[in-house]
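Labels run A, B, C, D and E following the written order; every chain starts at residue 1.
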Amino acid sequence: MIQFAGIALILIGIYGLMTTKHMIKLIIALNVLELGANIFIISVGFVKNGLAPILTADVPSDLLNFVDPLPQAMVLTAIVIGFGATALGLAVARKVYGKYQTYDLSVIGGEE
Amino acid sequence: MTMIFIFLGLSLLLSYVLSRKQPTLGAYFTIIASLAGLISVYLLRNSVGVTESFYYLNFQITTIGWYFAMILLTVYFTSAFFNPFWMDELIYPAAYNSLYLLSLVGTIGLFFAQDLMTLFICWETAVWSSMLIVQQGKSRQAAWVYFVISAIGSMSTLFAVLLTMYLSGTSEITGALTYFTTAPVAGALVFGAFILAGLTKIGIFPFHVWLPLAHGSAPHTFSPVLSGGLVKMGAYIAYLSVAVFPAYQVFGDSLKIQGVPLPIYGLMILGAASIVYGTLRAIQQEDAKRLLAYSSVANGGYILIGILMMDQMAFAGGLMHLLNHAVASAAAFLAIAAVAKRTGTTKMSELGGIIHRMPITYTVYLIAIISMAGIPPMGGFVSKWLIFQGLSEKGLILLATAAAFGSIGSYMYVFRPLSAVFLGQLAPKYEHIKEANPVMVTAMLILTAMSLLLGVLPNLVLKTIAKIQIELGINPIIVNGTATLTENGSVDMLQVFTVFGFGFLLILILFMVLPKSRRVGLMDTYTSAEFIHTPELLHYGHSFYAPFERLYEKWPSVLPLYKRMSMKLSELGEWAESFFFHPDPNRAVLWIVVVAIVVIIGGAQ
Amino acid sequence: MWSPVWLIVLPLLMAFISVVIKKQQYLLLNLSILLNLAVLYLAPQGMVIIGGFRPPFGISLNFDRYAFISLLLIQVLMLFATFIAGPLAKKYGTVLLVLLAGINGMLLTNDLFNLFVMIEVVSIASFIISTSNGKFTHTFHYLILASVGGVFFLLGAVMVYAYTGTLVVQGLFATLGQLPNAISLIPMMLIILGLAVELKLMPVGSWAKNIYGNSNVLTGPIFAAVLAPAFGFVFGRMMGEVVVLNPITGYTLLFMAIATFVLGELAAYRQKDLLKTLAFSSIAQSGLAIILFTLNLPFAAILLLINNALAKSILFWVATGVSTAYETSSMKGLRGVFYNHRILGITFSIASLSLVGIPLFLGFYAKVTAVMAIFTTGLIWIPVVILATAIIEGAYMMKWLLQLWSPAKEGHLASTEEVPEKREALNMTQIVAVCLVALILFVFGLVPQRVGRVLSVASQAEISQVETVAEGGGQ
Amino acid sequence: MTLMNFIYGFLAVLGAFVFQTSLTGINRKVTARLQKRRGPKWYQQFIDIFKAFSKSSITHGWVYDFGAIMALGGIAATVIFIPVAGMQAFPGLDNIFVISYVLAVGMLGMAMSAAGSGNPWASIGVSRALTNMLAYDIPFMVVVFTLIYQHNTGSVSELASIQQGVGILGWNFFKLPLGGIVSVIALFGMLGKKPFDSFIAPAEIASGPMVEYGGKQLGMMFTLHELMTFIEVSLILNLFFGGGETLLIYMVKYAILYTFTNIVSGVMPRFKIDQAVTFFYKVPLGLAFIQGLLVIYLGWGY
Amino acid sequence: MKKFISFLLILVLAFFLMTSLNSSLDFFNPPNSLDETRMSNAFIHKNASGGSDPVEFGKSTGLEDGSANIVTSVVVDYRSFDTLGEITVLFISALGVGLLLGAGTGAKQRSGFILKTAAKLISPLMMVTGIFIFTHGHLTPGGGFPGGSMMATAFLLNYFGSGSISTDLKSLKWMESLAGVFYIVIGLIGLFVAGSFLQNYLPTGTVGHLFSAGIIPIIYVLVGLKVGSEVSGIIADFSKSEVTS
C-alpha cells in the first residue's frame, strides 16, 4: 500500500515540475518528487509486520522479521544527495533573484 | 608510383615553406612540381598492372587511370603557370600553393586507387583541399555550395564503398565491384549511390549548381583546374560505376530502350538534360567565367552520355571528350584569367575590343572555343562526332537531339565572350593594357597546341582509348593511320585539316591578290547612317541573345530549389530547437513524462 | 597498493585538502591528474573490492580495458582542460577535483547504486561549473532536469534491486533477462531516461543548448569533451552490462537517438552563433554514439566518443577563446578571425575536419567503423540516415570554417582590411596545449588502425551482452 | 591525297561558285517576275561580286580580315567535301557531321569578322544568325540521326547512292516524307530565305552581319553566301532527293529545288527571330521526332 | 490549458505506472518475510564473508561487522563507499553554495528576546544531542547524517538567536576538510593494512557495545562532524546578502 503514497508523491512532484514557473516552487516540487521516490524505495524493502533492522538486546538476528536494510541505507544516501541538490538549487535561485528581482521564470523568459 | 606521391607530398610542404618566405617563389615551385609529376606519370605508361602500397593506401596503374591522370596533370601543370601572378591577390598564398599540390595528389591518387578505401580517401582529399582554394576567391557561398554538393556525392560514395566492402568482403575495386553480378538488388543500390557521386562531381543536372558558383568565383588560376580537372573525377567515378561495376549485367533484366537498360538510360537523360540546361543557361550569362562554367555543365553531359554508352564509338568519344574539354576549357578559362589579370574584371559588359591589345590571348581563346563547340579541325570535333555516331547508331534519338542542341547552342554561347570580350569597340580605359605575361602565354599556347594536335591527329589518343576498350572487352575503336573508323562512318582528321588548310590557302591567295585595304580606326564605322562617338554606349555584350533568352527567361532555376531545401532544413532545425530545446524546465519535464508514457504503453503490450 | 581506487580517492582527498589551502587548488588539481595518470599506468587490471566485502555485498570497482581507455581519455582531457582554462580552473579547482573523482567513480564502479551516487556527484559538480557561464537560469534548468533524471535513475536502480536482489553491474543483464518483459520494462525505462538527460537525448536534453551555447573556456571543453564522453562511456557500460531491451524500448531508444542525431544536426545547421552550433553538434554526436551503443557496437562507439572528445575540446577551446577575446560568437563578428590566429585556425580546422569525418583524420575512421558495424546488424537504413546527416554536419562546419578563415565580403576577394583588429585569444602556453591535443588527434588520424587495435580490446572487455536491438527487436 | 585531288577540289569550288552565282542571277529574275518586275540580267550577280572585289576597301583590324578569310576558306573547304553526282575531290571525307560542322567554321568566321568590325549593328545580325541556326539545325539534325540510324552510314555520298536506281520513289523525301518536309523547311532557314530571313533582313534595317562590309570583303561575303547556298542545297539534295546519277541530273534537280525555295520565299512574310525559334521547335521538331520514332521503334520507312 | 494537459498526462502515467508496477511488485500483498535468497540477509546475519551463526546482541563478537544498527553497517561498512560519495555530494554542494553566495556580507538578523534566550539555552543541548546521535550511530537509529544535521540546526538556531554568525567559518572549513581527509585516510589505511579501501581493520568487538564495530563509529563521527560543518556552512552562506543588487 505504501507504494501508492510514494508513487502519488512522485506524480505530484512531476505535476508540479510540469506546471509551475516559480523557481522556488519548482525546487519544492523536485523535493516532493524525491520524497516520493524515497518512500517508494523504502516500500521496496517492506515486509509484513517487519521490524526496523536494528539488533536489540538478547534476540538473535534470525528470530526477528526485519525489513530489508539495504533500501533504507540507499534512502539515507538519496536524502542527502537530494538535500545537496536542493541547497544548490536554492542558491542558484537566489542568484537569479539577485539578477532579475523575481523568481518567476516566465517573467525572466529566455536568457541569452 | 609511391615515389610520385611522396615527391608530391614533399613538394607540397616545400612549396608551403617557400611561399611563406616568398609567395611567388612557392608558386613557381608548383609549376616545377606539377611538371615533374606529369613527366613521371607519363613514364609509367608501360607499367600497367603494377601494384604498390603506401601505408594503408593501395595503388595500381591502369590504362584508364593513367589516361585520366595525364589529363589532370596537364591541366594542373598549365594552370600552375598562372599561379605566380595571383599571389598578391590572395591572403593565404602559402595555403593556396600547398593546397594546389594537395588537390593534385588527391586526384592522381583517385585515378590510381586500387581499393575502394583509397579511392574514397583520395576523393575527399581532393574535394576539401580544392574547396579551401575556392574560398580564397570571391565567394564563400560558392565554396560552401561546392562542398555541400560534393559532400552529397562523397557520402553516397562512402555508402556505396562501405556496402560493397561489407557485402563482397574485399576492397579491391575490380574484385569488389564485380561481386555484384551475382547480387543485382544490392548492386542496383550500390550503383545508384556510386553514380550519384559521379553526377554531383561532373555537375550533371540537377547537381550542377555548384559549377557556375565555384568556377565563377574561384581564384582565376584555379577555375581552369576545377573545370578542366576536378570535374573529371566525377567522370572517373561514372566510368567505374558503369565499366568496372557490371552495370549492364546488373540491370540486365530491366526494361531496355534501344538496348540500353532503363536506369542507365535515365542517367543518360539526365546527361541530356544537363546538356540542354547548361547550354541555355550559358547563353544567358553575363560573366565570362560563369558562362564557361555552364558550358562545363553541358560538356559534362556529353562525357556522361558517352561513358554510359559503353560501346565502340560513344564510349571512345566520351573518354576523348574528357581530354578535349579539359584542354579547351582550361585554355578558355586561362585566357579569361589573363584578361582579368589585365583588366580586373570578367564581366562581359565591361570588356570589349581586347583583341587589339591581347591578340595571342584572343587566338588561344578562339581555338579553345572552336574545340569546345566541336568545330573541325580541333579536338572537340572528333569526340563529339564519335558521340553522335554512337548515338545515331543505337537510335537514341532523344539523346542525340539534346547532343545536337548542345552542339549548336555552344556556337551561341562560345561566341558571346569572343565577341563581347575580345571583339567590338575597345573601351578607352583599356587603351593601355598589354598582352599577357610571357609565362602565361606559354601555358596557354601549350594548351592551344594540344587542342590543335588532338583535332588533327586524334588517333594519338584514340589508340590509348582503344586499349582501354579492349581491356573492358568491348569492341574497340579502329585506328588506321590517320583515319578513324567506326561501324557507320569514318573520318580522317588529317585530311580534313589539309583540305581545310587548302581552302584557307585558296582564299588567302585571293585576298592577297585583291587590292589592299586601308586600315581605319574602330570608330570609322557605318551605323545606320551614324558614326560612333560613344563606343561604351554601343557595347553589345549585354543581353546578346535577348530575343532567344526571352523565350525561356521565366523558366525555373534549380538553385532556388536548393535554397528552399536549405531553408526547409533550417526551419526543421528551428522547429526542433524551439520544440525540444525550449529553455523552460516545464517543457523538458513534460517530455520526460511523454517518453515514459510512450514506453510504458508500448512495452505493456 | 596500486589500486584503481586511487583514481577516485586521490582527487577527493585533494579536494578536501584544497578547501583549506585555496591558494594551492590549481596545483593540487594538476598534481592529482598527473598522479592519476601514473596510477592508471601502474594499476593492475581487474575487479577491485572496496570495504572488504565481495560483491554483491560490498561495492566493487571494475577496472577493465574499457574503463582504462575511458579513464585515460578523461584524465588527459581534464589535464588539458584545466591547464588551458587557467584562472577559471583555479577558481573552480575544488569543484573540478570532485568532478574528476566523480567521473572516475562513475566509470569504475561496478555497483548500480554507487553509480547513482557518482552520477549525482558529477551532476552537482557540473551544475557548479556551469554557473561560471554567469547564466543562472540555464544552470537552474539544467539542475532541475538533471535532478529529475537522477531520481528516475535511482528509482530504476532500486527497482532492479527489488526484482533481482542485486546491484552488481557486471552481468546484471543475465538476471534481468530472465524476468518477464513487462517487469523489466519500467526499471529499464527509468534507467535510460535518467541517463538520457545527461546524454542530451532528444526530448529531454534541452538544457544542453544554453549550457553549451554560453560556455566559456572552462565550461565548454569540460562539458563537451569531458562530461559528454564520460556519460557516453557510462551509457555504453549500462548497455553492455545492465540494460535489457525489448523491441519497444529498443526501438524507442533508437528512435530517440536518431532523432537527436538528425534534429540536432539540423538545429546546428541553422545557428548563426559559433558556440550554439557547437552545442547542437555535441548533442547530435552524442545521439550518434547512443545509436551505436544501442545497437551494441561498442567499438565504433568508443572510437566515435574519443574522436568527438578530442575534436570538440579543440573546437570549444578555440571557439570560446576567440569569442571571449572578440566579445562575440556570431558569424558576422568573427568573420576572418583566423587571419589573426593562424595556429588556432589550423587546429580548429583539423578538429572540425575530424569531427565531420573527412579522410586522413580520426573521425573518418570512426565513421567508417560505425557504418561498417551497423551493416552487420542488417539495418541498412541507419547508415543511410547517418551519412545523409553527415552532409548537413559537413555543411555547417564548413560554413564556419570558411567564414572564420576569410576576412571578406561576399562577392569580393578576401582582403586584410576586413580582418578584425587583432586581440589575444589564448596565450602562448594555451596555444601550445591546444596544439598538443590537435597533434594527438592528427597522429591518431594517421595511424587509425593502431588506435583501433588498442580500442578493440577495450570494446571486447566491455561487451558481455550479445543481444542487440537488431536481433532482439526482430526485423 | 595527290595533287590531282587538290586540283579537283579547286575546280569544284570554282564550278560551284559559277553555277550557283548564275542560278542566283536567274533567280533574281524569277523573283522579279513574281513581283511583276523585269529584274536584272542573269549575270548581274557576277558583276556585283567582281565590282566589289575591284573596289578599294577599308579594314578594321586583322580579325576583320582574318574572319572573312577563315569564313570563306572554311566554306570553300566544305564545298570540296560535298559529293556532286557521286564525284568527290577527296573520297571518304563526306561524313555528314563533318560537313555540317565545317560549315560552322564559315559561320563563326563571318560572325567573328563582323563583330570585329566594331559595328554594333553587325553584332545584332550575328546574334540573330546564331539563334536562327539553333532553330533550324535541331530538327534537321534529328532527321539526319534518323537517316544514319536507318542506313547505318554517315556518308553523304553513300546516303545519296542508296536512293538511286529505283526511281523517284526511292528518294528519302518519299520514304521519309515527314523528315523530308522538315529538311526542306530547314533549308529555308539555312539559306536565310523568307520566312527565316530576319538575320539578314535585307533592305529593311541596316543591320545584319554584312552591314559593315565593303570592297573586297563584301565581295568575299557575297561569294561566301553563294558557296554556302550551294552546300546547303546540295546537302538536302543528296540526302532527300537522291543526289544525281549524272552531273546534269544533279544540276537540274538542284536548279529546281533552289528555284522552288526562292519562289516560295518570294510570297512569304517574315518571322521575328524568336518566332522562328518557336516555330521550328513546335512544328518541324515535332514532325522530325514523329519521323524518328516511326523509323526507330516501328521500323517504318525501310 | 497547460495544467490540464499536464494533469491528463499525469493521470495517464499514473494509470499505466500503477497497473504495470502493481503486476510486478504486488502492492497489496507484501511478503511476510525477507526472501531467504536476498543478499540483505547477509547484512542482517553479518555473514557476507561466510559463517551462519545467528548474531546476538551483546554476545556475538569478532563478526565481520560489529554494528547493531544494520542500516549503519550497510551505510558505513558494507557500502561505505556510497557514503563517501554522499558526503562528497554534500561537500560539493556546500562548496557550490559558497561559490555562488559566499561573496556577500553577513546580514544581521533581528531576533526577539525569547528566541534569543531560548536559542542560547537550547542550541548547546542540540549540539550535544547531535554528537550523541552520531557517536551512537552503530547502536541506535540515527548516525552521522542526522547527528550532523542536528548540529547544524543548533548552529542555525544560534544564528537566529544571536542575529549573526558568531562561529568562525574558517574553523568550520577546517573541520569539514579534516573530517573528509580523515575519512579517506582511514579508508586508505584499510587499503594498506587490510588490502582494500575502507576495509574494517580494527577489531569489531561485541555487537551492542559502544566501543565496537571497528571503524564504523569513527567514520560516523567524522561524517557527523563533516555534515554538521558543511550544513552550517551552507546556512552561513545563505545568511549572507547579495553584494550586487
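Couple of notes before you dig in:
To be clear about the criterion, a residue touches a chain if its C-beta (ideal position, glycine included) is under 8 Å from a C-beta of that chain, and two chains touch if they have at least 3 such contacts.
All values derive from a computational prediction rather than experimental measurement.
Looking at chain B and chain C, the chains that touch each of them are A, E.
Of all chains, the one whose CA centroid is most distant from that of chain C is D. The interface carrying the most C-beta pairs in contact is the one between chains B-D. Chain centres here are C-alpha means, and the one lying farthest from chain B is E.
A separation of 29 Å divides the Cα centre of chain A from that of chain C.
Mean C-alpha position of chain C lies 32 Å from that of chain E. Distance between chain centres (mean CA atoms), chain A to chain D: 97 Å.
Computed centre separation for the pair chain A/chain E is 15 angstrom, with centres defined by C-alpha atoms. For chain E, residues touching at least two other chains, in rising order: 2, 6, 9-10, 13, 17, 20-21, 25, 38-40, 43, 79, 82, 85-86, 89, 92-93, 96, 100. In chain D, there is no position where the chain touches two or more neighbouring chains simultaneously.
Multi-chain contact residues of chain B, defined as those touching 2 or more other chains: 583-586, 589-590, 592-594, 596, 600, 604.
Each chain pair that touches appears in this list: A-B, A-C, A-E, B-C, B-D, B-E, C-E.
Chain B contributes residues 258, 353, 355-356, 359, 362, 366, 370, 373-376, 381, 384-385, 388-389, 391-395, 397, 400-401, 404-405, 408-409, 411-412, 415, 418-419, 423-425, 483, 487-492, 495-496, 498-500, 502-508, 510-511, 514-515, 517-529, 532, 535, 538-540, 544-548, 550-551 to its touches with chain D in the complex. Interface residues of chain A facing chain E in the complex, by the touch rule stated above, are 1, 3-4, 7-8, 11, 14-15, 18-19, 44-50, 52-63, 65-70, 72-74, 76-77, 79-81, 83-85, 87-88, 90-92, 94-95, 98-99, 101. Every residue of chain C that touches chain A in the complex is listed here, in rising order: 113, 116-117, 120, 123-124, 127-128, 131, 135-140, 143-144, 147-148, 150-151, 154-155, 158-159, 161-162, 210. In the complex of the two chains, the chain E residues touching chain B come out as 2, 5-6, 9-10, 12-13, 16-17, 19-20. Residues of chain A that touch chain C in their complex: 10, 14, 17, 23, 26-27, 30, 33-34, 37, 40-41, 44, 70-71, 74, 77-78, 81-82, 84-85, 88-89, 92-93, 95-96, 99, 105, 108, 111.
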